[in-house]
Structures are given as structure tokens and as C-alpha cells.
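Each of the next two complexes has chain A plus one more chain, namely chain B in the first and chain C in the second.
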Partner chain A sequence: MASYIVKRVLRSFITLFLVVTIVFCLLRFMPVEGYFNNFDKMTPEQIERQLDARGLNDPLPTQLVRFYNDLVHMDLGESIKYRPGVPITEILAQRIPMSMLLGTISLVLALALGIPFGRLMTRYKGRIPDHIGTAFVVLIQAVPAVVYYLFIQMYGTSLAGLPLLFSRTNLATYVLPIISLAIGNIAYYAMWVRRYMIDESNKDYVKLAIAKGVNSRTLMSKQIFRNAFVPLVQYIPTSLILTLVGSIYVESIYSIPGMGGLLVKAIQMQDNTLVQALVLIYSFLSIIGLIIGDIAMTLVDPRISFGKKGGAR
Partner chain B sequence: MASKWSLNERTARKLDKAASAAVKDALDTMDALKAAEEGGSVERAEKVSGMSEEELFSFAEYDPHKGEKIGYTEYSYWRSTLRTFLHNKVALFFLALMGLLVLFTIIQPLLPNQADPNKIFFNAEGLARSNEQPGGEFIFGTNNAGQDLWARIWAGTRTSLYIGVIVGIVQVIIGVIMGLLWGYVRKLDFLFTEIWNIFDNIPQTIVLVLLSYIMTRSMGTLIFALSITGWLSMALFIRNQVLMIRDRDYNLASRCLGTPLYRIIMKNLLPYIVSVIMLRMALTIPEVISSEVFITYIGLGLPPSTPSLGNLVNAGRVLMMSPELRYQLIFPTVVLSIITVSFYVVGNAFSDSSDPRNHH
Partner chain C sequence: MDKDTIISVKDLHVKFTLRGAILNVIRGISLDIHQGESIAIVGESGSGKSVFTKTFLGMLDSNGYIDSGEILFRTDDSGSDESIVDLAKFTTEKEWLTIRGRQIAMVMQDPMTSLNPLRTIGKQLEETVLLHHKGMSKEDAHKRAVQLLTDVGINEPERRCKQYPHEFSGGMRQRVVIAIALACDPRVLICDEPTTALDVTIQAQILKLIHELQQKLNLTTIYITHDLGVVANVADRIAVMYAGDIIEVGDVNEIFYQPCHPYTWALLSSLPQLGIKGEDLYSIAGTPPNLQMEIKGDAFAPRNPYALKIDYLERPPFFDVSPTHKVRTWLKDPRAPQVEPPETVNRLGEGRL
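Here is the complex of A and B:
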């Protein structure tokens, strides 16, 4: 177990190192305008001088080493166009709490609704509640998220009279973003709870329990559900960690001052250092989420050990 | 070994005992019957004595259906797959819908009276006929720039389907080749597995965003960015299938009997893999459409001169807050949703029916 965790963490470090390097190198191919706030007004000499001063004309390995060094000291550089001269860590520190707040509320909502939905679908398998649930899941899974987000916003504001744009102080503006954030996860958890529970109820121990006369309510909640939930445990840490970065769509649709909307702005403004920092944070958090998820699963179900299986997940 | 034998012995003895008991029972019954016939008053005989000959015995008639049950049936993988698929009425409906839509998307420019998707219509005063309501001269109305929304939607669907099919094919080709190498060449397994472990952790969205950000905005970029990550899961799946199937008994038997390799591949391996390929192709299309919409949304998609579903959704989004212009969001999203849902449902139904465990 311990050796598995060590291996897993080491491997993730390699992944992270590769991601950092590739991201950094790729972004050096971008036109240099992305490094200046007022590129059009500058003379070529000024540009050269500025590039030299920032070390952007140094050979790539030198720049890379400097970049690693900065990263180790938690320095992600300064924003260039979005908020010129402001350290990116400072921008992030202002924006992360908002994404986290909305994300956590919606995740709790999604678990609180998605799991009972999944169990309901299992209980009425092949009957009307199951069909309705399946149709909902298919719709949410197949249609791009932005489409139903836009419909929620369009009809939420015109039919339910809820406010269009987010405001920190007005709680009514929290409703639509939270619903939008939760709806995908509700479908996701309902679908997997249903599938794993159905798989689980075909197993021999369930037949034995029925033969023994365990009543179906106890059987469902104490035996089938607990076993069915094990594979899902893997995803919860990722969901939780990704609340930090928020949803790109939802935050920009409602102009929520969180992390998700930031990426769209940075890309539109061609703020190279900000894009770089955001891409790195996204990858870093996803990788951490995967590690914690894998470890959580081995803790919940002692039968699972990843050590022997290697790559054959 | 010894215990196995003794177990068998014990079973045999048990069977013997059971058989002798049955024989004894039968003899008893016969005795009882005889006694009953003779008018004796043995208790057991009373039960049967009242019954007539017909009640006691019946002829086993020849039933062709029962005969089929134990007889040899010619099992065909593809026929069973098709039969299971045809049982799924919902999937059939979506298959028909999907077929019609794809067909219509392809032939739409050949129909009479179709406008060019990029042509801007002007009225008599020389102004662009922008935001004309649907139902008049233009079936779906015109957009903000005065272009025919109907023509743009079908052109956009064509673009998105085209990207989806190309990406699907690229993923399948790279995925199958890498997967076969990974599964068959044992020396490569460790290396490939480690590489996979490292690359699988990189979020696909990030790769997509990054590549679209640094490359020029074009269809080629989109296809490249979408293909470069998608084949990994395909390769892993093929590798797992190959590992599982390669050393199965029936394949060993085939090899021992001197079946040529191409026949093993065609008959033993391909049925599994073709279904995966079909599934992959069917599910790639909704994924690619979603990704294209996403990339366009964050401002890195195709230029508006190349209509795509992402472009249309994005253009409609800007206008959606004025109720009379909402149709510019609703029409593209409805077409988009029908396409993605039908491909998703058909893909999943096909993958279910291609699983031999679901064949009855």
C-alpha cells in the first residue's frame, strides 16, 4: 500500500514536470505581443530592450530553469494585460474562494439529489421512473453543457424572474449558477449509482441474502448500496478539488468573479503568463484529484490494491 | 489428486444409493399396484387405485420447439448483435432520426432554392436584412448579419460532422495500431503502460485549450487538437482486449489446429474490436461537437466564415436575452441536441448489443 502511494505520487510528479515543461515551451511559440500591454505603440528597440530585461531572449533552457525556480517559490509571474503588473497568485487568491463556495454548495446538492435519484431508478428498474431518469441522464450526457446552461439562464430569468447576473451580496443570484453547476453532477452520480447498484444486485451474495430472508430495504441500503458506492468514491475528490477552479461556462455566463471565468478572459486578452498559470493550475489540481481518488478507493475497499495491477485499470 | 478421486468416489456411492432407493421405490409401487389389483387393502395402493390408466400415464408427444432447444444452432455473432439491436425500439428510432439528419445534411446544398451560408441578403434600400423572423422567406429566419440561418445551420452541422468523422477515423487508426502493438509485443507493454500512466493524467481540456491557443484558428488545428488526446483510451481498450483474447483457450486451440493468423484476427479478434470501433466512432461525434462548442465559446474556435454548430450557438447566445431573437439560439441548439443525443443513444445501444453477454 505505502509503496503504491509512493509510486503513484512519483509518477504524478513526472506527469506534472512534463506538463509544466511542455506548457512553458509551447507558450514560447506565441507571438511576443502577448507580453506587452501597449505593443502597437512601441518601437522595435523598446521591444527588444523589454524582452531582454524580462529574460525572454535567453536560451530556452535558461528560461526553463528560471521558471522551475519561480514555481518552487510559488511565483507564477505577473499578469500582463488582464491586470498589468499584479502578481498572478494575488489575482487567484481573490478569485478562488468564490469558485469554491459555489462549487461546494453545488456538489453537496448534486450528491444529495443524484444518489437518491440513482437508487430510485434502481428500485423501479425498467419502469417509468427509470425511463424518465435515463432520458434525463442521456440528455445531460450527450448535449454540450453550455446548451443547457444557456437554457437555464434564458428561462430561469424570463420565467422565474431570477436575476441575470451574479452579485456577491444578492442571494437570489446564487440560485441559477448553483443549479447549473449541480445538474451535470446530479445526472452523473444518478447514472453511476444506478449502474453499479444493478451490477451489484446480480451478485451471489445478494441472492444468498434474499434466500436468507433479509428484507429488501436493508439489503438495498446496507449491502448493495455500500458496495456500489465504492467505485464512485474515486470521483468525489476530483469533483471537490475541481470546485477550486470553478466552471468556465457558468462563471462567464453569469459573470461570477471566480477562477473559471478568468481563463476565458485571459485567452481573449492574450495574456500569456495568465494563460500559462491557469493551465498549470488546472493540470495540477486534476492530477492531485486523481491521486486522492485512487487512494480513497483503496481505503474504502480493502480488496482493491492498485499495486499489482499496474496500468491495467 | 487423492481428495479429488475420493470426492468422486463419494459422489458415485451417493448416486448408487439414490439409484437403488429409486429402484426400491419403483418395486414397492409395483407391489402396491399388484396388491391393489388383487383387491388388497394396502394403504399406499389406495391413492392410485382410483386413477384410470390415462391419468397415470401420458404419451410424450413430439414437439419440434422442444427439439430445437437441445439441438445445434448455428450461432452468428453479427446476426445476434443485429437481433439484439433491433429489439431496442428507442435505439431504432434514434438510428432512423440520425440517418435522416445525416442524409439531409449531406444532400441539403443540392436541393433547390438553398442559400449560400455566407451570403448576406440586402433589401431594396441596400441594408442587410438582419434578424428577420423565421417562417417567411427564410425558414429559420436570418441572423444578425442578414445571412440565412437555415443554410448556416446545415452548413454548420456539415462542418461539425466532418470534424467528428475525421477525428473518429484518426483516433481509430492510431488507437488500433498502438493498441495492437501494446497488446501483442510483450516487450513494449511495460514502456507503453508507464507512458500511458503519465499521459492519461493530463486533462484533455487543457491540451485542447493550449493547442488551440498557440495554433492558428482553423479546422486543421481543431482536428489535430482533438485527435492527439482521443486515441489514448482507444489504444488502452484494444490492448486490454488483445491481452484478454490472445491466450484464450479457443485461440490456443485455433493456433494448435494451424489456423492462419488472418483468420484468427478476422474471426476471433475482430468481432470484439469492430464493435469497439463502431462505438468509438458513434460517441466521438457528440464529444467532438461538445469540444468544438467549448473551444468556440472561449474564443478559440473557427472563424465565422466557416459556419459550425459552435459558431451558431455562440452567435445565438449573444442575442438570447431579447425574446424575439431567441430563435437564433433555439434552432441551432435543437438541431445540435438531436444529433448529439441520437449518436449517443445509438452508440451505447450498439455497444450493449455487441456484447455477447446480452445475446439471448
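Here is the complex of A and C:
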């Protein structure tokens, strides 16, 4: 297993290198106008000087080597346009904790509600709780997220009287963003838990367990649920890690100083260093999430083992 | 109900609702199963063999139900009438838990999928042991699990206990399934096509194992199969099913050598062993009846070359051929014309099987 993980990590580094390099090069092909706020009023000499100063006129390989050299020294550079002169790490250090905090709470909430909902729907399959649950899942999946975000905002502030604008120190302002972030995941987990549990309960081993006299309650919780949860285990680490990406809509609705939309803004502003740093971080985290997910799978499912061939049927 | 009868089914009707229609899947079966015997239920796919035995465990699919009839079951060997329960009246899971596993156990068709893939073999056995011996210690349950694995012929049971199903071959898994079935000392063992998913050499081993265990534990075994070769080796009695009814029942020799129902003739004629080189193998013309329709008369009549007029009008009663041999066909009525079984069936008597 150890050698498998080493191989996996090395391969991930290659992926990461490719992603970052490609994005780096693509950014360099953008028109130079984007680098300046008052491009029209600048003389060609001024432009050239600026580009030279930022190293943008150097040959691509030189720029690339410089970037990786800085990276090895843990230097992500400074923002060039979003907040000129401020180190990227500082910008991230301010914003990441907020997004992660809200994201993690909402994910925990989603798991804590979505899983029991899914189990309830399975237990009452084809009856009223299942129909209500299915209606909820379909509604959430079908309606664009922005629409129910706005509904939550409207009714949350007018009926429940919760504050609209986010404030770090006022816990009441956390409620609406967390609900908004969680509601989609609640539907997601309820749907998949239900689906996998129903799949499992139609399997032969469940029939054998019934025939040998296991009562249905024990069977549901100890065997069907556990086995149904295996495929979900793989995705939980990724979803947890990716909470730091934040949510564009939710964070902008409630003015939360998080990561949501930062990448989009950085790309629009052609803030190369910021884009590079964000792409690097997001890819790195996704890859880590997948590796952890795969390792988690081997822990819960004995049929899956790393390295050995033909372990599973 | 006789003292040596363990299960007595009386005029059992099972129906299924399917997309608004009602299917008459079991149409008035009556059958006595004797304590300690080995009976095989044979019939083609869709004849209702599995559904019939599932009613003994309350394991019909959710759209199926017992419409009428009785399934009397003797819950102990005392022979007293108090020990008789009617399984057809059971409604709650609590009632069924007194039967499942500890009275009637089941071995299913496909050992590859019959075990929980995420639990060790030992755990699955111990769980079963503990289900029916409440208060037994973990160590004792483990000892019993090891003993059970030894009983079904698995080597190194201690090591095997720690393994998962995917580390076992098909035949070995079926042995484990049998061990699980026997974990609670059941009195009846239903084997639903126990060897269909196994290769031929393993088939023989598994059948031998079930047979030995049956002798040793004085089990009543019910085999469900469409393989008459399997039946010939293991069964004391055979019940032939067609379209949800038992149309002929008798000792093995009676069914093989003096079959009386035209369907049994047709079934036996289809045995590839009876084919003649160069000639096409026999197959029964037509298809089984649509179970949505009310079947009038003998269900086999439309496919039966020997059908009489009355076969289309009235359901034949059981005629006794011998004290152990009963058949549902008007051909056995004293008024019916004498019909000889086809030539192929007579070849069975020459010991071709």
C-alpha cells in the first residue's frame, strides 16, 4: 500500500505540474491591455516599461523557471492588480478561513441531515415520507441554486428576521449562508443514500440475512446502510477540502469575505500571479482529496486493495 | 395432519399484483412434506417453485400475497397439535423471526452474491449463531462458527473465519452459506437451486454435502430445481409443478419409471440423456399459460397432445396411483381412454439415466 501511495503522489505531481504550466502559458497569451487600468492613456514606452518591470517581456521558459523557483521557496508572489503589492499568501490567509468555516459547518449539517433523510426515505420507500423526500430532492436539483438562495435570503430576513449582512462576530448572521450552502448537499446525500440503500437491499445477501432471521431494523442499520455508504465515502474528503473554494453566490449575497468568486475576479483582472496561485491550490487540493478518498475506500471495503492485482472480483 | 408430517400445505393460492393486473402465481397447491424426507420440487422457469417455498419463510416480494389456503407447520417433534402453526396467517416480522433460521432455513442459488461482501465469514456465522442463542458469549459463538465450517468441509476454519467472501471460491462460498443455514439448527432446509451457479464437479460435492448433513441432522430438505439429474441423486420424493400447481407427486422411482401426467412425460422426454443420436432433442410445444387469465380445466391442456375434452373444462382432481403416488390428470379417470406414455419415457426404464 505504501508503495502505491508513493506512486500515486508522484503521478499527482506530474498532473499538477501540467495543469499549472498550461494555465501559466495560457495567461501569457492574453492581450496586454488587460494588465492596465488606463491602457488607452498610456504611451507605448510606458507600457513597455511596465511589462519589463513585471517580467512579462521575458521569454516564456524564463518566466516559467522563475515562477517554479519562487514556488520552491514557498513564494506565491504578489498580487499585481487585484490588490497590487499585497502578497498572495496574505490575501488567501484572510479569505480561506471564512470560506472553510462556513463550508465545513454546512457540510457537516448536510451529512447530519441528508443521511438520515435518505435512510428514512428508504425505510418508507414508495410511501409518504419517500414522496416528500423525492419531491424535495427533485426541486433542489431542478431549480437553479441562485433561485433558492434568493428565497432563503428573502424569507430568512423578512420572516425569521435574521440579519442580511454577514458579520464575523455576530453568529446570527451565519445562519442563512450555512442553510443556503447546506441545502443542496442535503438533497444530494439524501438522494444517493436512498439510491444506494435500495440497491443494497435488493441484493441476495440481504435476502439470505432475512431468511436466517435477522430483524429488518438491524439489517438496515448494520448491513444495508454500511454497505451503501461505501461509494459515498470516496467523495467526502474531496467535498470537505473543496469547501475552501467557497461559493460565489452565497458569499456575494451576504457579503462574506471568503474565497468565492476570487478566481473569476482574478481572471477578469488578469492578475496572473493570483490566478496561478489559485489554480495551483485548487488542483493540489482536488488531487489530495481524491487520494484520501481512495485510501478511505480501502479502509471500508476489504475487496479494494492497492497494488495487488485481482484483489476484487 | 399426520404425526410424521412437518409441513402440510392446503389449497394454497398466491397472487401478485403487477402494474394493475393480478397474477395467479400459485393456484391451489396441496402438499404434505414428511419429517426427515428429502423432496424435490421440479418444474420449468416461472412455474412458481421458488414462490411456493418463499411462502414458508414469509419472503414473498412486496407485491405478492397469500390469497387463501393454509400452510400448517409443526414447530417441534412432540407430535402434539399445540405445536402446529399456520404460516399463512403470519403477518408480523416478530412472528416470522420465530421461524426464519431456527425452524426453516434457506440456501440460495448464487453463492457469489449470497454473502455480505464487507463482513468476514466468521462474523457472518457468529452473527447467525448469536441470533438464535441469545446470551451466548462471543468466544462460544466463535467456537460454534469454527465447528460449523469444519462440518461443511472447509479446511483451516480458524484462518478462513478471518477472510472475506471474495477470498472464497464459488463452491466454498456455497459451503459457507450452508453452514450459515445450519447455524441455528433448523428442522427444514430449503435449497433453492443450490447448484445452478456452480460448475458440474462442484455440484456433485455440494449435493453430497447437503445429503450427508441431512442424514446426520435428521433435516427435512426441500430442493427446488429444474435439473432432473440433480433430483435423481438426492430426492426421496418428487413434486412436479406446472403453472403454479403441483400436478404429480410420488416417490423418485414412481415419477421416473411410472409417470402418469402428460406434462411429466413431456418433461422426462426432454432429458438430453434420452435423446437419440442424429435426432433432434424433444421439446415441449407452446408456452406456459398466461397467469393473468383465470385458468380453466387442466393448465397443460393446450400443450398436451393427449388432452381430452374435459381437460379444457374442469380442473382434474388428484387420482391415487399408489399410496404414495398422486396425479392430477383426467387420464387416470376410469372413464378415460387408455393412453400409453411415449416411447422416450419408456426408455427411462431401461436405465438410461
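Here, the second predicted complex is superposed on the first by the 277 of 313 C-alpha atoms of A that agree within 3 Å, B and C clash if a C-alpha of one lies under 4 Å from a C-alpha of the other, contacts with A are read in each partner's own complex, and residues count from 1 in each chain.
To be clear about the criterion, contacts are C-beta pairs under 8 Å (C-beta built on N, C-alpha and C of every residue); 3 or more make two chains touch, one makes a residue touch a chain.
If you're wondering where the values come from, they're calculated on a predicted model, not measured in any experiment.
For the composite obtained by overlaying on chain A, chain B and chain C cannot both be accommodated without a clash. Looking at the shared chain after the overlay, A:K212 reaches chain C, while chain B stays out of its contact range. For chain A, the partner with contacts to more residues, out of chain B and chain C, is B. In the superposed model, A:V143 makes contact with chain B only, not with chain C. Shared-chain residue A:L26: touches chain B; no touch with chain C.
When both complexes are overlaid on chain A, the residue A:F151 reaches chain B alone and has no touch with chain C. Shared-chain residue A:Q223: touches chain C; no touch with chain B.
Contacts of A:V300 after superposition on the shared chain: chain C is touched, whereas chain B is not. Annotation: chain B segment clashing with chain C after superposition, chosen from 43-51, 61-69, 115-123 or 349-357, is 61-69.
Residues 311-312 of chain A lie at the contact with chain B in one complex and at the contact with chain C in the other.
The touching residues of chain C, counted against chain A in their complex, run 57, 59, 93, 97, 99-102, 105-106, 108, 110, 112-119, 127-128, 131-132, 164, 166, 177, 180-181, 183-184. Listing the residues of chain A that touch chain B in their complex gives 11-12, 14-15, 18-19, 23, 26-27, 29-30, 138-139, 141-147, 150-151, 153-154, 157-158, 164, 248-249, 263-264, 267-268, 275, 279, 282-283, 286-287, 290, 310-312. Residues 203-205, 207-216, 223, 226-227, 230, 300-303, 311-313 of chain A touch chain C in their complex.
Note for the complex: chain B touches chain A at residues 192-194, 196-199, 201-203, 205-206, 209-211, 213-214, 236, 240, 243, 286, 289-290, 293-294, 297-300, 313, 317, 320-321, 323, 326, 329, 333, 336-337, 340-341, 343-345.
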